[in-house]
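Take a look at the structures below.
Each of the next two complexes has subunit A plus one more chain, namely subunit B in the first and subunit C in the second.
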Partner chain A sequence: MEGAYKPGWFARSTGLIVALYLVLPILIVLPVSLTDQRFLSLPRETLSLQYYRNLFSSPEWFSSILQSFWIALGSTTLAVVAGTLFAIAAWRLDRRLVNLMRALMLLPLIVPSIVYAIGLYRYFRWWDLLDRVLGVIIAHGVTAIPYVVITVSTALAAFDPRLEQAARGMGASLPQLLRWVILPRIMPGIVSGAIFAFIHSWDELVIVLFIASRDVFTLPRRIWDGINENVDPTMAAVAVLLVVFTVLLLLADLTVRKKRDS
Partner chain B sequence: MFPKGMPRNAGWWALLMPAFLLLTVFYVAPILQVLSISFTEPELGFGNYERILTNRSVQRTLMTTGRIAGITTVLALLLGYAVAYSVTMASERARRWWILCVLVPLWISVLVRAFAWVTLLRRQGLINDALMGAGVIQEPLELVWNEFGIIVGMVHYMVPYAVLPMLSTMREIDPRLMTAARGMGASRWVVFSRVFLPLSLPGVVAAAVLVFIFSLGFYVTPAILGGGKTLMVAEWISVQILDLIRWGFGTMMATVLVVTILVTLGGFSRVVNMRKLFGGGG
Partner chain C sequence: MTLELHGLAKSYGGFVAVEGADLKVGRGTFLTLLGPSGSGKTTILSMIAGFTEPTSGQIFLDGREVTQEPPEKRQFGMVFQGYALFPHMTVAENVAFPLRVRGMAKAEREEKVKGALDLVQLSRFADRLPKQLSGGQQQRVALARALVFEPALLLLDEPLSALDKKLRAELQEELRALHRRIGRTFINVTHDQEEAMSLSDSVAILNHGRIIQLGAPEALYEQPRTRFVADFLGKSNFLPGTVREVTQGALGVQVGALRIRQAAGAAKAPLGASVLLSLRPEKIQVLEEGEAADNVLEARVVSWSYLGAGYSIIVDTALGPLRLAMSAWRAPFHPAEGAAIRLGWSAEAATIVEDDDVS
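== the complex of A and B ==
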């Protein structure tokens, strides 16, 4: 902003302090995970990897990680397919009824998950989907649809509709049109949506607390139990791995966006 | 292109269907069931809703939730404004780092963040340890498992949500306005308070609505940092359903929560562009 005032010392230092408040508490789990003590604390004498060894040699943590991964993969697939098709059709049709349907798609972002979770707790008993991986995939997939609809709609906003008309004019069928004209153009939006849908399922706790009991024990549920029962530094090691994993996914998303913008 | 006799747009409408059916059958239906249970169990009528007027536990929970959500919103707006302002004024290069500072916490697991706060704030936590080690305090401070802990954790969770709508409004402000104001002799404070602040207000209102409705129904952070003593609505509902098995009572509160959120959104939909707030695109 040439010629305008540069932000003063007050604005700059407040902004900086808030940024530290946002980032530092998350970073603190790294030194704690390397502690040589037997309880949650900073390392005293030396750095130790014992809690990472704990984590990787524990069959419970391993099976939870694996289960969360498959559930996230399944629900992401569900959300990406349904959400992408919906976003494309809604963009093409663009009329009142469709916009109402689009508003409906956003409900999972607005309604608190506790309300949905208690609803499913009853509803899934009737469908015999309680404590089943399939049930969790459906619940996470449905609640991830809005992320995909949003990112794909944003990508479509930059799509030139004349391309579609031209393809139609040359006799392309609907599947051909999707496969060869529309999908390649909006791929970055779809990938972004998939990444957010994956993180959503991977981190989701509230729904799982209600619809899972013995057989489905996802990673967030195990962390939740860990925090509520015995707070030992293995949790800090888990937290570090999760932070690293999320940051990697976000960097992947930034790369995709950069490609789209250039 | 299409079988004869089908309407021209049938193919497009078919593409809408998977998402629409999934959402209707597996999202809207269970939620409608929640709403209806609140009128039918234990008996038909408004019995559960009368308890809002008579039951102390319901009233206390509503008060606590409103108070914590309100305080969280105000604090998240103040802190978020400082960040959004810094991002807007930053150079192109610095801006990338700022945005990373906002986006990374936004996507880090809420459980990891609550856990980090427990590590810092509990009685034998890092902050109490450091303060006692330095001789500032003799007894550990009660920083967590009370309302203070909940608010610290919730504000931390909500600041990124406050930043994003404010940032998108601030970036649309024409920087030449501030240059012009300065050129005409306005002081730093006057440029901010008479030019920048009023133009950024729509973003502030949008952020307030977003943070407030998210805070009302928040479960994980208050449950972990409140330690079961300070109950907000979401945790109260879960106790009613899972521990006390009082479905009518729990679903009544869930209905109150949903209605409050929808009314808040509806009330502000004239002021705030909802489509932009939730990134409707298209």
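== the complex of A and C ==
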């Protein structure tokens, strides 16, 4: 911004400290994952890729990665469909009841996930969804809806209502308006929401701890178990992969936003 | 195609946006709804398009009532203020949109799009996105998109307001030529009186939700019905007086200490009536030494400004301040502050208008 005050040394240095505080705990797993020791520690004599090898040769870790991926994919689909439909409906109606609904939709974001997990546990036992992939997909999908609602609503708020008038004036029916005008305009918001929904499921642990036991063993749960039972450095290798994957997703999100803003 | 409005009204809560508009637009007419902001002109257009539901009244299209029809059924072309082009579609895709909606085959669609883009001279830009075009080009895309499906009626909502003055003049000419060439009915909304006069066959002047006067631009300018019309369309001096004398074809109107001879509109006013005279600045002459006129008035120049083609001069007279316009070429005198001059105007120059100035 031109004409604004330039940040002084205080603002600059606090900014740097906060950035380091955010990034350091993430960065520390990188050297740990390359350790030559037999327990979770920094490398002493040499760097080693043995735990990465271990990760990909171990069927447990590999099946957890796959399972997490499919669950994230399923719950993202669920969240995107439900969240987008809701955001569009709320945008079109915009009445008092809808505002209440909007607040309800954001609940999973506000309520502590442990509370949510306890509630889900009760229901899922009735419906026989405990320790089932479908159960985790539903749980993650529902708790990811707020991300989609927020990003899609933001995209819709920027939608020029005259485009709808123009389309109707030219004879477009409601489905044509949705398919050719509204959806393409809010697609960046949908993709953004999908990425967040995916990340949400990808690293969710608390709910999984409650509703899964033997058959569903997602990646975060495998790490959790690993750190409880032994201090296997393979976890650090997993953590690095998780970070890389998440960063890639976030970069994808950035590109989508950039494209939308240009 | 004829469009008729019968007592079309719209109110929002207690606020009356449009108060019973009656209008008949014949086939091939270029009609402009002209008025200041808040006069209800855009609301009328929006009701014709079907975006706004009237509180009462009816809309007829070729004698068939369409008041309850949704906009997508009415099939009017429309150019929006700010154009409302689809930003994610290319120029060609934008223009093809109304055809795609109608399920037209691709080959036929492409041909029509090409024709429409040729019409507005934008064929070269078919593959660009709207944001890569200038304002004037976007405006032309909007026009091509509104015309490509050959609607019987084209609605224009302040189509030129976002453009600079020179471009506006250019596009005004293009729009007029286009209207002549395709012979469809155009309904235009604007607050720009020059645009309204230069484009339209017919102008409806609106104020406070009412149509004050409807007519050809010349008729509105030369015979404004009310003070508002005279003031909004061009500039005018207003002289309130009383009819003191009625002779064959002319009135003697007493304005202050001056008895004005007024011929135009003499039939409208009986003896003793209060009347308001509207006198256009360019119809007041600066008299030379010994020159005579029906009405003569001594004046002193208060201020003046040079406008290239002419001067705009404010003078002080016994009747109060008056504005006059004088051609700069072979001007009878060179304006100077405080200069004493004699003004004259003929008995046909002024018109009698109704005083509707409530402000």
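Note that the second predicted complex is superposed on the first by the 248 of 262 C-alpha atoms of A that agree within 3 Å, B and C clash if a C-alpha of one lies under 4 Å from a C-alpha of the other, contacts with A are read in each partner's own complex, and residues count from 1 in each chain.
Here is the rule we use: contacts are C-beta pairs under 8 Å (C-beta built on N, C-alpha and C of every residue); 3 or more make two chains touch, one makes a residue touch a chain.
Note that this is a predicted model, so its numbers are computed, not measured.
Visitor: Based on the superposition on subunit A, does the combination of subunit B and subunit C result in a clash or a fit?
Guide: With subunit A aligned, subunit B clears subunit C, so fit.
Visitor: Please indicate which partner A:M170 is in contact with in the superposed arrangement: first for subunit B, second for subunit C, both, or neither.
Guide: A:M170 sits against subunit C, while subunit B stays out of touch.
Visitor: In the overlaid three-chain picture, which partner chain does A:V256 touch, first (subunit B) or second (subunit C), both, or neither?
Guide: The answer is neither, since A:V256 touches no partner chain.
Visitor: Is A:A237 contacted by the first partner subunit B, the second partner subunit C, both or neither?
Guide: A:A237 sits against neither subunit B nor subunit C.
Visitor: Is A:I114 contacted by the first partner subunit B, the second partner subunit C, both or neither?
Guide: Once the two structures are laid over each other on A, A:I114 reaches subunit B alone.
Visitor: Touching A:V32, do we find subunit B (first), subunit C (second), both, or neither?
Guide: Once the two structures are laid over each other on A, A:V32 reaches subunit B alone.
Visitor: Is A:I65 touching the first partner subunit B, the second partner subunit C, both, or neither of them?
Guide: Neither partner.
Visitor: Could you say whether A:P184 touches subunit B, subunit C, both of them, or neither, answering first, second, both or neither?
Guide: second
Visitor: Looking at subunit A, which partner touches more of its residues: subunit C or subunit B?
Guide: With both complexes superposed on chain A, more residues of subunit A are touched by B.
Visitor: In the overlay, answer first, second, both or neither for which of subunit B and subunit C A:A194 touches.
Guide: After superposition on chain A, A:A194 lies in contact with neither partner.
Visitor: With the two structures placed on a shared chain A, what shortest C-alpha distance in Å links subunit B and subunit C?
Guide: Closest C-alpha pair between subunit B and subunit C: 9 Å.
Visitor: Same subunit A residues contacting subunit B and subunit C, which ones?
Guide: Of subunit A, residues 168, 171, 173 contact subunit B in one complex and subunit C in the other.
Visitor: Once bound in the complex, which stretches of subunit A touch subunit B?
Guide: 1-8, 11-12, 14-16, 18-19, 21-23, 25-26, 28-29, 32, 39-42, 78, 81-83, 85-94, 98, 101-102, 104-116, 118-124, 138-139, 141-143, 145-146, 149-150, 153-154, 156-157, 168, 171, 173-174, 199, 202-203, 205-206, 209-210, 220, 223-224, 227-228, 231, 235-236, 239, 242-243, 246-247, 249-250
Visitor: Name, in rising order, each residue of subunit B that touches subunit A in their complex.
Guide: Listed in rising order, the residues are 1-2, 9, 11-13, 15-16, 18-20, 22-23, 26-31, 33-34, 37, 79-80, 82-83, 85-87, 89, 98, 101-105, 107-120, 122, 124-126, 129, 156, 159-160, 175, 178-179, 182-183, 188, 191, 213, 216-220, 224, 234, 237-238, 241-242, 247, 250-251, 254, 257-258, 261-262, 265, 278-282.
Visitor: Within the complex, which stretch of subunit A touches subunit C?
Guide: Against subunit C, subunit A makes touches at 160, 162-163, 165-173, 176, 180-181, 184-185.
Visitor: Can you tell me which positions in subunit C touch subunit A when the two form their complex?
Guide: Touching subunit A from subunit C are residues 49-51, 70-78, 80-82, 84-88, 97-98, 100-102, 145-146, 149, 155.
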